[in-house]
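Next, two complexes with chain A in common: one pairs it with chain B, the other with chain C.
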Partner chain A sequence: MTNESPSAAPVRFRGGQSRGMIERSLSSFVSGLEHALFAEEVAKKNGLLQRLDPRIKILAGLPLIVASALSRKLWVIAALLALAIVMAFLSRVPLRMLAKRVWLGVLGFTGLISIPALFLTPGQELYRLPVPGWAITWQGLSAAAYLIMRAETAATLSILLVLCTPWNSVLKALRVLRLPIVMVVVLGMTYRYIFLLLRTAHDMLAARKSRMVGPLPGPEFRRMATASAGVLMSKSLQLSGDVYLAMRSRGFRGEVYVLDEFQTRWFDWVALAFFSCVTALAVWFGR
Partner chain B sequence: MHIPDGYLSPSTCAVLYGAAMPFWYAASARLKRVLTTRLVPLLALSSAFCFVVMMFNIPLPGGTTGHAVGVGAATVVLGPWASMLALSIALLIQAVFFGDGGITTLGANCFNMAIAGSLVAHGVYRIVSGKTAVISSRRVVAAALAGYAAINVSALLTACELGIQPLFFRDATGTPLYAPYPLHVAIPAMMIGHLTFAGLAELFVSAGVVAYLQRANPLLLAGSSAGVENLQPKSSVSRSAWNLTRRLWIRLALILLLTPLGILAAGTAWGEWSAADFSHAETRQKIAAASGNVAPPAELPQGVGRLSSIWNAPFPQYAPRFVRRPAFGYVLSAMFGSGLVIMFAAMVGWLAGRRAVPNSGSGEGGTGQHDE
Partner chain C sequence: MSVPVFEVCDVSFSYREVTALDGLNLAIEPGQRIVLLGANGSGKSTLLSLLDGLCFPGKGSVKFRGEPLTEDRLTGETEFDFRRRVGLVFQNPEVQLFNPTVLDEVAFGPLQLRWPQEQIRLRVDEALEQMRITHLKHRSPHQLSTGEKKRVALASVLILDPEVLLLDEPTAALDPKSESEMIDFLVSCSGGRKTVVTATHDLDLLDDIADLCHVFLQGRIVASGTPAEILRDHELLRRTGLVHAHRHAHATGEIHSHPHRHGHGH
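Right, the complex of A and B next:
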């Protein structure tokens, strides 16, 4: 949750760093918006997964993720990852983007976390580092491989599920998992207002940044950042009151209806049968 | 803090989904009863706020930056029930849409950050703020401590969940199948980072939001705006309940801490022998000595042998398998046992209360109809 600043010297904190921090927050907001736009573009493509009924995708995709978590064999997890890559290719998801956003991201985080496991896990010694004299064990290497492979496979499968389906369809399809309809509506509204609040937060910080002519001392910048969070909370609750009144004025009485426009065709059933067989085989061979 | 997929075994994930379910159910039932038609927009906007606030980069002393979860601020303004639901929804969107945190581990992440975090933040805030005025500076300190305590309890829970993985889930060669670090590595690794930097980010956000709202919109802190007035539990009720039971809780805590005294007792309790004791020469002597020098039967009684294999206790001899120190095992078993009893009693109380007041939300609903 904490990331070291590249220029961590306290002396420079008063200087350009406060501007850097604003930029970092702004770039988080923009990358959130970018991710959503990119997902919408991919979801519109005419690929294999895009053609499937979203409900079938959820019923087929979630058990595959669970199967990758259940497996006690590395080759089974690797086979599931290979299947995910083939599906990505057939669904016209750019593999370069997948490598950059998912595989490298997971490798950077999980790979870093699993490095100490190479030395800390007791077991059969494979290689001893000449300088500090630490021993890499077979068990440590396997543990790191399990962790990285599982994390990569689950992340690829779940991102495919989301990238190849418009978000509103994902939400409506969640009803097959018996998610209450009110929660489906809340999730849909949350997603919509996330972008409004991201925009508001972005505008607040951008306005502040455009008026800054000199360096902002650290404590003052912290006060500004937390006060911005306070403004955002105040605006959110004010907005929820306004939205409520708008809903009431349009006749909302608490009942929620969701249009069910999904159609399941023979192609969907074939896909469900195929993925169910793959899941069953993965669970069987992964025991 | 967001545990990705692959770090926890499916059984741990299932247990934590199971642990989160009652809280989600209770929170949504309570909010639905209190807010009726306001539930959807309020929850949606609060969740969107929790999501966005997690993206803020907070500058920390020493030149680093950190992200806060926002659990302290959300709990202080929305109350623990709305906060745990709003944070859970934000975590769901983060996991499903942005790949931050896993789908199989969503139950664990929600339990650690949204549920435990909100409850801890609420408890600390109420205790520290006491009866002070809404604009009192003590409330800023209370919010800061609430955020700091909540995030550290969440981190501790996360570390414990990760730390028990190599103890329970290994393959035949001893390779850990999920998170590879045991408790004595996972707990310090998580806690050092959270007690210092990540905890500070939460502390600053909670305090900063409350300090800002005290100046700009104190009504929000009084819980009398935007439909959140009833989200906060009735303080007088909770305070009187706490006053009534405070001594009992303190005594229970003392007794829990004193449980390792059982180790000092010599010998075994008469009649509480296990099947293995009958084949142990030394234990047989002890049984005979405790039974007026009457020797126990040479063979294990058939009934004892048959029935003893029906159920294997998860904590045999009051010490879970992964605990090496018996004293710690005693305290852990005592906490687990009393926790189960308290949960059972709370559930019975909740069911009884629900039956006694079948439709307490009628007042709000009536107001709603009047508005039309």
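Right, the complex of A and C next:
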């Protein structure tokens, strides 16, 4: 602690960081919550995919993702991507959000790892860089394009699957893939309590920040961070014990049962037939 | 004479070194509305956990309907039957709402008791309607206000239609509207159909929800009586931390103090 007045003393840590670790953590927590809330809002919209039985979405979506990843024809992958974009539009998923959160991210990541392929794949030279004189080949460009298109298509289809279905329904629907029921319940509870944990961590850091003035020396900051993590862990353990008692109180004895709440209508079967045909065509033409 | 719902005989309970209950004796008759009064840490919540068979006394005994409530006996069909007949609403609703949606939460108890799915759906709708939270059916608990969480927690217990309802600080941290709705519900429990045991330090509730009050101090019952009898005894309330001397100044400059009790929200 120093004698600086609070108004003149922004929270800073050694190492020239303009924004402290606490601010960054708080910002990350808020961003995480915002992201989850946004996903829940999209899942509630009255769009094409939102109306489908989640089990049908899983059964139809996963083979489509695999088909896009295995296809050897660029136009087939492009067609699947186009289909995904049409589905996003009909499901009222903002395309701008898709571009920002999915396409740009995937492009940045896969673009980076596909750069070596441009130069290292042997074949017909397309362009030679003036410095340092490396040649880009048609074959290299094609390999990079395949990688990026496959990743973009698979990511778009996956995100549509998750965005257009409440997360707990996605988990329950995974039972059609023979996921053990206990796993479904544990994942559901994890999803439920991650928000409580985020809020608790957020409140703890905000409370600490409100009582801090002046720069915090490195060792003290590390001590504070480990102490906070310890307190959070302790609170989590206490909560898990209490939750177990609350479960026992309502009859839980180690076996898990869930309510079957999905209903498959004619519309779902039509959708399954349509997506199965598209998958079959993608596999056939993409050989 | 009917068999008491609960008989607590010379019960002591400790959390490691800390004594929570110390030689407690208590009988709860069917249809009674009992309020356990006491400051924080006086042993009210521990007693509710004992009555719900979530922990067991280190000394003494607890009986439910004349049968000992022990860890050995609370298994199989006996536990099923007990869980259906006795419901506990925890003080912190976050503890009780562990499912991803309100629907799953309210259906949890009946599912564990293996009710048919159709019956569960029907009862879920009724319980949500009773607590006026049908519109929250598909919401996640993290999207709810504290008052809504409390009502979901109550619905998740009421769906089993237990004959005994144990409530731990039901009005804690509620805004005035939610508190008023909760009190309305507690008042509706009068008439002897349900036995209701409420742990609280909110003296404003007593007249509405209690037939009999037990006042706790350091793990012991130091007084029992009707709400009117308990509220009249200022010395008892002050000694047990339920009221305190409230010192204030008047416009005339006179400073004096008198007993002051906290209801809620401050």
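The working rule: the second predicted complex is superposed on the first by the 255 of 287 C-alpha atoms of A that agree within 3 Å, B and C clash if a C-alpha of one lies under 4 Å from a C-alpha of the other, contacts with A are read in each partner's own complex, and residues count from 1 in each chain.
Note that in this section a residue touches a chain if its C-beta (ideal position, glycine included) is under 8 Å from a C-beta of that chain, and two chains touch if they have at least 3 such contacts.
Just so it is clear, the model here is predicted, and its values are computed rather than measured.
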(message) Applying the document's definition of touch, where does A:40 land relative to chain B and chain C: first, second, both, or neither?
(response) second
(message) Under the stated touch criterion, which partner chain does A:155 make contact with: chain B (first), chain C (second), both, or neither?
(response) first
(request) Return first, second, both or neither, reflecting whether A:210 touches chain B, chain C, both chains, or no partner chain. (result) neither
(message) Going by the contact rule set out at the top, does A:138 touch chain B (first), chain C (second), both, or neither?
(response) first
(message) Contacts for A:29 in the overlay, against chain B (first) and chain C (second): which applies, first, second, both or neither?
(response) first
(message) Let me test your reading of the model: by the given contact rule, A:247 touches which partner, first (chain B), second (chain C), both or neither?
(response) both
(request) Have a look and say if chain B or chain C is in touch with more residues of chain A. (result) B
(request) May I ask you to decide whether A:263 touches chain B, chain C, both, or neither, giving the answer as first, second, both or neither? (result) neither
(message) With both complexes overlaid on chain A, does A:193 touch chain B (first), chain C (second), both or neither?
(response) both
(request) Have a look at where A:167 lands relative to chain B and chain C in the superposition and call it first, second, both or neither. (result) both
(request) Could you pull out which residues of chain A sit against chain B in one structure and against chain C in the other? (result) 167, 189, 191-193, 196, 239, 243, 247-248, 252-253
(message) For a test of understanding, state which residues of chain C touch chain A in their complex under the given definition.
(response) 49, 52, 54, 79-80, 83-84, 87-88, 90, 92, 94-101, 103-104, 107-109, 111-114, 117, 120-121, 138, 140-143, 156-157, 160
(request) Show which residues of chain A lie in contact with chain C when the two form their complex. (result) 40, 166-168, 171, 188-189, 191-193, 195-196, 199, 239, 242-243, 245-253, 257-261
(request) Note which residues of chain B are touching chain A in the complex, please. (result) 1, 4-7, 9-10, 13, 28, 32, 36-49, 51-53, 55-67, 69-70, 73, 77, 89-90, 92-93, 95-99, 102-104, 166, 171, 173-181, 185, 193-194, 197-198, 201, 204-205, 207-213, 216-217, 220, 225-228, 371-372
(request) In the complex, go through chain A and note every residue touching chain B. (result) 1-5, 7-10, 12-13, 17-18, 21, 24-25, 28-29, 32, 35-36, 39, 62, 65-66, 68-70, 72, 102, 105-106, 109-110, 114, 116-117, 120-123, 138-140, 142-144, 146-147, 149-151, 153-155, 158-159, 162, 167, 170, 180, 182-183, 185-187, 189-194, 196-198, 201, 218, 221-223, 225-234, 236-241, 243-244, 247-248, 252-254, 256
